[in-house]
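We call the chains A, B, C and D, going by the order they appear; numbering starts again at 1 in every chain.
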Amino acid sequence: MALSKELFDAILNGDAKRAHAATETALAEGAEPMQLIADSMVPAMDEVGKLFEAEEYFVPELLLAGRAMKSAMELIKPLLVASGQKMAVRVIIGTVKGDLHDIGKNIVASMLEGSGFEVIDLGADVSPEAFVAAVKERQPHIVCMSALLTVTMPAMKTTIDALSKAGVRTQVKVLLGGAPVTSQYAKEIGADGYSENANGAVGLVKSLLAVA
Amino acid sequence: MALSKELFDAILNGDAKRAHAATETALAEGAEPMQLIADSMVPAMDEVGKLFEAEEYFVPELLLAGRAMKSAMELIKPLLVASGQKMAVRVIIGTVKGDLHDIGKNIVASMLEGSGFEVIDLGADVSPEAFVAAVKERQPHIVCMSALLTVTMPAMKTTIDALSKAGVRTQVKVLLGGAPVTSQYAKEIGADGYSENANGAVGLVKSLLAVA
Amino acid sequence: MMITETVLKYSTLAIQRPDDLLYGVSPLPLACGLGLTIGAGQVFPEVNFTLPAMNIESGTWPVVVAHYDEMASQILRRAVSLGVHGIVLEFELLPPMTDHPVWGAEITAVLKRHLATAHEKYHLPCALRVTPTDIRDQQKPPLMRTGEPWRQLKQSLELCAKAGADILSIESIGGKEVHDQALMYGDFSGIVFALGVLAPRDMSWLWAQIGQICAAHPGVVSGGDSACGFANTAMQLAHQKMLPEVLAAVVRAMSAVRSLSAFEQGAVGPSKDCAYEGPILKAITGRPIAMEGKSASCAHFSPVGNIAAAMCDLWSNESVQNVRLLSGNAPEAYTELLAYDCRLMNTAACAPGGALQLRNWMVASDEWLSPQAAVLSPDAIIRIAAAIVATDTPYHRVIAAGQAAVQVLKDGVAEQKLHLSRKELQWLARIDEALERFPAEEDALLVDLEAQYGSLYDKASYGL
Amino acid sequence: MMITETVLKYSTLAIQRPDDLLYGVSPLPLACGLGLTIGAGQVFPEVNFTLPAMNIESGTWPVVVAHYDEMASQILRRAVSLGVHGIVLEFELLPPMTDHPVWGAEITAVLKRHLATAHEKYHLPCALRVTPTDIRDQQKPPLMRTGEPWRQLKQSLELCAKAGADILSIESIGGKEVHDQALMYGDFSGIVFALGVLAPRDMSWLWAQIGQICAAHPGVVSGGDSACGFANTAMQLAHQKMLPEVLAAVVRAMSAVRSLSAFEQGAVGPSKDCAYEGPILKAITGRPIAMEGKSASCAHFSPVGNIAAAMCDLWSNESVQNVRLLSGNAPEAYTELLAYDCRLMNTAACAPGGALQLRNWMVASDEWLSPQAAVLSPDAIIRIAAAIVATDTPYHRVIAAGQAAVQVLKDGVAEQKLHLSRKELQWLARIDEALERFPAEEDALLVDLEAQYGSLYDKASYGL
C-alpha cells in the first residue's frame, strides 16, 4: 500500500521517472500487475481528471500525468500480455483527409491514453482508405476523427461511408470532433457521437463504452 | 397619336382618372384596343420600370402608375374578351401557410400587375391545398409564393410537393421570394426560381416567360 | 367630437435637454428580474435569439426546446465568461408558439431556469423579456378585441407571465392593415390615419389588458411596444430603395405616438429593442429603453448603426438564428459583440463627461449620412418629443411629430449638413405639404378616408 | 557560435511613447491597391470571408467561384451603401486552392474585378490582400524549403500576385511542429526554442522569398505574417481552459519576434488581422497593422474584443462563412459591423485628442480583465517592444519579450489591478522562473532539446 501511494503520487504530479521506479519496486516486491493498475494507476488518473474538471489542472498537468502513467504501463503491459489478460479499449484517431490541424486531435489522443485506453494515432490528413485499413487490421472499439476546417468536414462523411462499404462500420463506434462540427451534422452523416472539445471527447468515449 | 400621348403621360404620372378619361376618348375616336395597349400603355409602363430601375421612381410612383394602367384596362378588357383576343400571362401569388407577412407579396403583386400580367392574389397564410385548387381552377402560368419567417419556409416545400402530387406541377413555373429564402433553397425544394427582392421578381417572371 | 379612448398622460418631457439624453441613464430606472436595475448608469446586453429554418409542430417540439436550451446555455456561458454586469434575454415567440400558448410558456420556463441558475451560481443580474406574437391579423379585416386569435394571444401573455417572464412586451399591429397599403402608395393621409387614429386606439386598449395581466402576476412588468411593423417596414423598404428615406424618417418620428400609448397605460419600460423611436419615448417618459443598431446586423441592415446606441439602456441584437459560425453558434457570437459594446460604453461612462463624449461621437458618426439617422440625434429627439407633448390627441401628436421631423430634415438641408438627392428633396416637400393639409379633427379624416380604406379595418376593433 | 540566418534591422522604436500608439495612424503609412492609403489617419474595414461547409474539387469549382463572386458583390454593396472611406478585402486561400495554385489565382482575379468595378463606379479606395495557406506541414517532419508543398506554395504566391493581389500575406508555420507539442506540455524550453530559433529562421527565409515575388510584380506589396498557429492556438486553448491565460499572454508577447522577421525582410504592412502581436510590430516598425477583436466573434471568441481595436489601422472580422442570417449573408452582416466600428473611430479621431480618448476607453474596458488583454495595452506594448529591440538575436529577443510580458502581469497583480486565480499565479511564477534559466546562447538550447524535440523538425529546413 505504501508503494502504491508512491505510484499514485508520481502519476498525480506527472513525474514519469518516479512512476517508473515506483512500479519497478512494486513488481519486484511481488505486486500483482492488475492490482497495481486498479489500486494506484486508475485512481490517480481519476483524480487527475477531477482536478482538470475543477479547473485546478490544465492540459499540461494532464498530459504529464498521462506520460507518467504510460511509463508505468511500459513495465506492466508485457506482464499482462504474458498472462493472457485483456488490455483496455482500443481507439483509432486521426484528422480527416485534407485537414492538417492536429493539435486538438493530439490533445484528445493524449487524454484518452491518460484515461487508460490504447490509442492508435493515425496522424493528420488520413484518407478514408487508411481509416478502413486501420480498422480492419487493429480491430478498435472506437474511431475518432476530427476536422478543423469546414471544407474538410465532408471527408468525415466519405470516411464513414467507406467504413460501411468495407463492412466494418458496425464493429466500431465513430466519434467526431472539431470546431465546425455539430451534433446535428454528426447525426446526419451517421456518426455515433460528437464532442465540441477535448474534455468532452473522453467523457463521450467512456459513456459510449459504459466504462465507469 | 395625341391621345395616345395623353394616356402615356397619365400612366407615367400615376393619374388614374386622367388615364381612364384618355382611354375613353381614344376608344370613342375609334382607336384599336390592342393598338392602345401596344402604343401607349406598354411603353408607359416600360418607362415607369426604367425610372424605377434608375432610382428616379420609388414604389409609390410605380404602384400609382399601375393603378392608372388598371383603370385604363377596365375599359379595354371587355373589348378584348369580346373580340376573342388573349389576355396577358396569369400569375397566382400568396404567402405560404403560417406566414402572415404580406407587404412584400403585395408589392410584387402590384408590380406584376403594373407590368401587364394578370395577377390573382390568394392573400396571406395560403395552404398548399388552396394553392393546388387555384392552379387547377385558374390555370396560371406562374405561381409565386413568399415566406418572411424562416419557420414558415418549409411550407414552400410542402406546397411544391402538393402541386406535384396533384399532377399540376409541370404546368406552372414556381417562384419563391422572401428574406430568408436563398436560391440554393429554391433549387433544393424544386422551385424554378427565386428573387431576393420585389424588383427582381418582375424581371424573373419576364425572363422565365421570355416576355420582353 | 368623437370620444377618444386613449389616455394622454404626458404633457411635459422627463428629459428636457439633449445633453441629458444619455445611454445607460434614465430618470426612472427599472428594477426587474433577478437583481437587475436598468437605466441606473450602465448599459446591458439584451440578447434575442431564434430558431433556424425548421417546422414547429408536435413532432419537432423536442428539437425546438433543445434549440432554446442550447442557445440560453451558450449565451449565458459567454456572458459570464466576459463578466457582463447584467443581461436581459428576450424570447420572441414565433407564431405557432402563440397559437399554442402552452408552447410559449414551456420555452419561457426553460429560459427562466437558465437565468435563475446563472443568477445563483454567478450572481449575474438578469431578466427575461417575453414577447408573444401579435397574431390578431389572421383574418381580413383583422379582429383586434374579439375572436380566437385575441383569446390565444391573451392566454399566451398570461401563461408566459406565470411561467417566469419578468418583462412582457409585444410588437402590436393595430392599424397596420391600413398603414401597409398607405405606405406602399406613399399616401400620407392613410399613414397619419393609421398611426394617429387606429394604432393609438388599439395600443391603449391592448396595453390596458397587458397592464391587468402584469398586475395579476407580481414581479412581472409591463415593458413596451415597438412600431416595428410600421417604421421598420418603412426603413427596410427605404433600404431596398422602394421608398424614400425621408418618408421612412418621418414615419419613424410619427410612430412614437402609438408606442407612447403603452406607457400611458402603465408600461414602465424597457421599450422594445427594434423600437428605434425609443429615445423619443425615453425623453417623454423618463423610462429606460432597449435599442439595436450595428449589433443587429444579423437581423437587418440599417443606416443608424452607431447613433442607435447613443441613448440606449439595453443594447440588443434584434434576432439571430441558432446557426453555426466558425466560432460557435451565432447567438453566442452576437452576445460577445454586445458585451464588448456595452463594456466600452460603461467604461467611458466612468469618466466625467465620458458618456456624453462617446454619445456625441456615436451621434456624429451617423447623423447626417441619412435622414433616418438625422431624426435620431438627441437634438432631433427632443424637438420631436416636445412637439408631441405640446399637443392634445394622438392624431394631433402624429401630425406634430411629422412636422417636427420634416423641420429637422429641412434644417439639415438648409445648413448643408444633410445631402439629399433631387428625388428625396421632392418627397420631403411633398410630405411637408401633405402635413399642412390635414383636417383639424380626426373625425373628418375618418370620413375622408372611408372609401379608400374603410374595407381594410374593422371599426369595432378600434372602438369606432 | 552558430551562424544566424536572420537579419536584425530594428534596434529602436518607431513609436516611443504609449500615447503615440493610436488607431488609424502609423509613422509609415502604406499606399497600395486602388487609391488606398493605410495608416494615414483613418481606420478601414478589412473583410475576410470564406466558404460554407462544402467539398472543393473540380466538380464543385463553379459553386466555389459563385460563392466568392456573391460574397464580394454583397460586401462591396454594403460598403458603398454605408459610404466607407476605404476597404480591404482579404482572400485567405483554403488548402486545396493553394495545392492547385491556378484555383487560388482564379478567385483572386474574380475578387479584384469586383474591387476594380467598385473603384471605377464609386471611387472606393480599396485593396485586395491575398493569403495563401502555408501547406508545408504535409509530412512529418515538415520540409520548409524544398519539396512539392513549398513549390506549390511559391507558385500560389506568384500566380496570386500576377492575378491581382495588392498585398501578399501568409500565416506561416515554421517552428509550429515543435511549438504545438511544447505548448501542450507547458514546456517553456520548447516554446522559446520554437519561437526564438526555428520560427524566425523560417520567417526570414520565407519572407525573403515573398519579397522577391513582390519585387517581380510591381504594385504588389509584402504585407505581413501572423503568429496565428502559435499565439492564437494558445489563446484558443486558454479560452477552453486547457491552458493558463498567463501562458497564452506570454506566448503572445514572445510571438512578436518571429512576426517581426517579415518586416526585417522588407514587409511594409499591413500585418495580418489575426496577428494580435500587431501593435508590437507597429511600435517597432512604424508600419500599419490590421487587427480584429469583437468584430471577429464570427470566427473565434477572445478576451481582447475592444483593446484589439485601440491601435489598429485596418479593422477585420478574421473570417466569416457565406451562411445565411436573417438580414442577408453573414459576410455582408459583418461588413456592416466593421463599417460602423470604423465610422465611430474615425469620427472620434476628427476631434482634437479624440482618437487618444476613445483608444484609452477601448483599452481600459478590457485591460485588467484578462492577462491576454493586459499585455496588449499601449503601455505594455511599448515595454515589450522596447525589450525586443534592446537585444540582439531572435533567441534573446523572445526571452526578453517574455520577461517583459511577465513583468507587466506581475506589476498588474502587485498593483491589484489584475486578479488571477491561485493556479494562474502559480503558472506565472513557473514561467518567470523558466525564463531565468535559459542558456546564454541558442546553440546550447538546441543541444539540450535534441532528445525531446529533435525528431519533430528537419534541421536543414531551418539552415541548422
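Quick note on the criterion: a residue touches a chain if its C-beta (ideal position, glycine included) is under 8 Å from a C-beta of that chain, and two chains touch if they have at least 3 such contacts.
Not measured: the values here are computed from a predicted model.
*Asks:* Going by the contact rule set out at the top, which chains touch both chain C and chain D?
*Replies:* Shared contacts of chain C and chain D: A, B.
*Asks:* Would you kindly say which chain has the C-alpha centre located farthest from the C-alpha centre of chain D?
*Replies:* B
*Asks:* Between chain A and chain B, what's the gap in Å when you average each chain's C-alpha atoms?
*Replies:* 63
*Asks:* How big is the gap, in whole Å, between where the Cα atoms of chain B centre and where those of chain C centre?
*Replies:* 33
*Asks:* Mind checking the centre-to-centre distance between chain B and chain D? Centres are C-alpha means, answer in whole Å.
*Replies:* 53
*Asks:* Hey, what residues on chain B touch two or more of the other chains?
*Replies:* 150, 180
*Asks:* Mind pulling the chain C residues that touch 2 or more other chains?
*Replies:* In chain C, 50, 321, 324, 326-328 touch at least two other chains.
*Asks:* Would you identify the shape of the chain contact graph, picking one of line, ring, star, complete or other?
*Replies:* other
*Asks:* Between which chains does touch occur?
*Replies:* A-C, A-D, B-C, B-D, C-D
*Asks:* Once bound in the complex, which stretches of chain C touch chain A?
*Replies:* 324, 326-328
*Asks:* Enumerate the contact residues on chain B facing chain D in the complex.
*Replies:* 150, 179-180, 182
*Asks:* Would you mind writing out the residues of chain D in touch with chain C in their complex?
*Replies:* Answer in residue numbers: 50, 78, 81-83, 293-301, 303, 305-306, 319-321, 323-328, 330, 332-334, 336-337, 339-341, 343-344, 346-348, 351, 354, 357-358, 361-362, 364-366, 369.
*Asks:* Chain D touches which residues of chain A in the complex?
*Replies:* 55-56, 58-61, 63-64, 98, 100, 102-103, 106-107, 110, 123, 125, 149-151, 153-154, 180, 185, 197-199
*Asks:* Show me the residue ranges of chain D that touch chain A in the complex, using the header's touch definition.
*Replies:* 50-56, 94-96, 135, 137-138, 140, 180-181, 183-187, 233, 237, 240-244, 321, 423, 427
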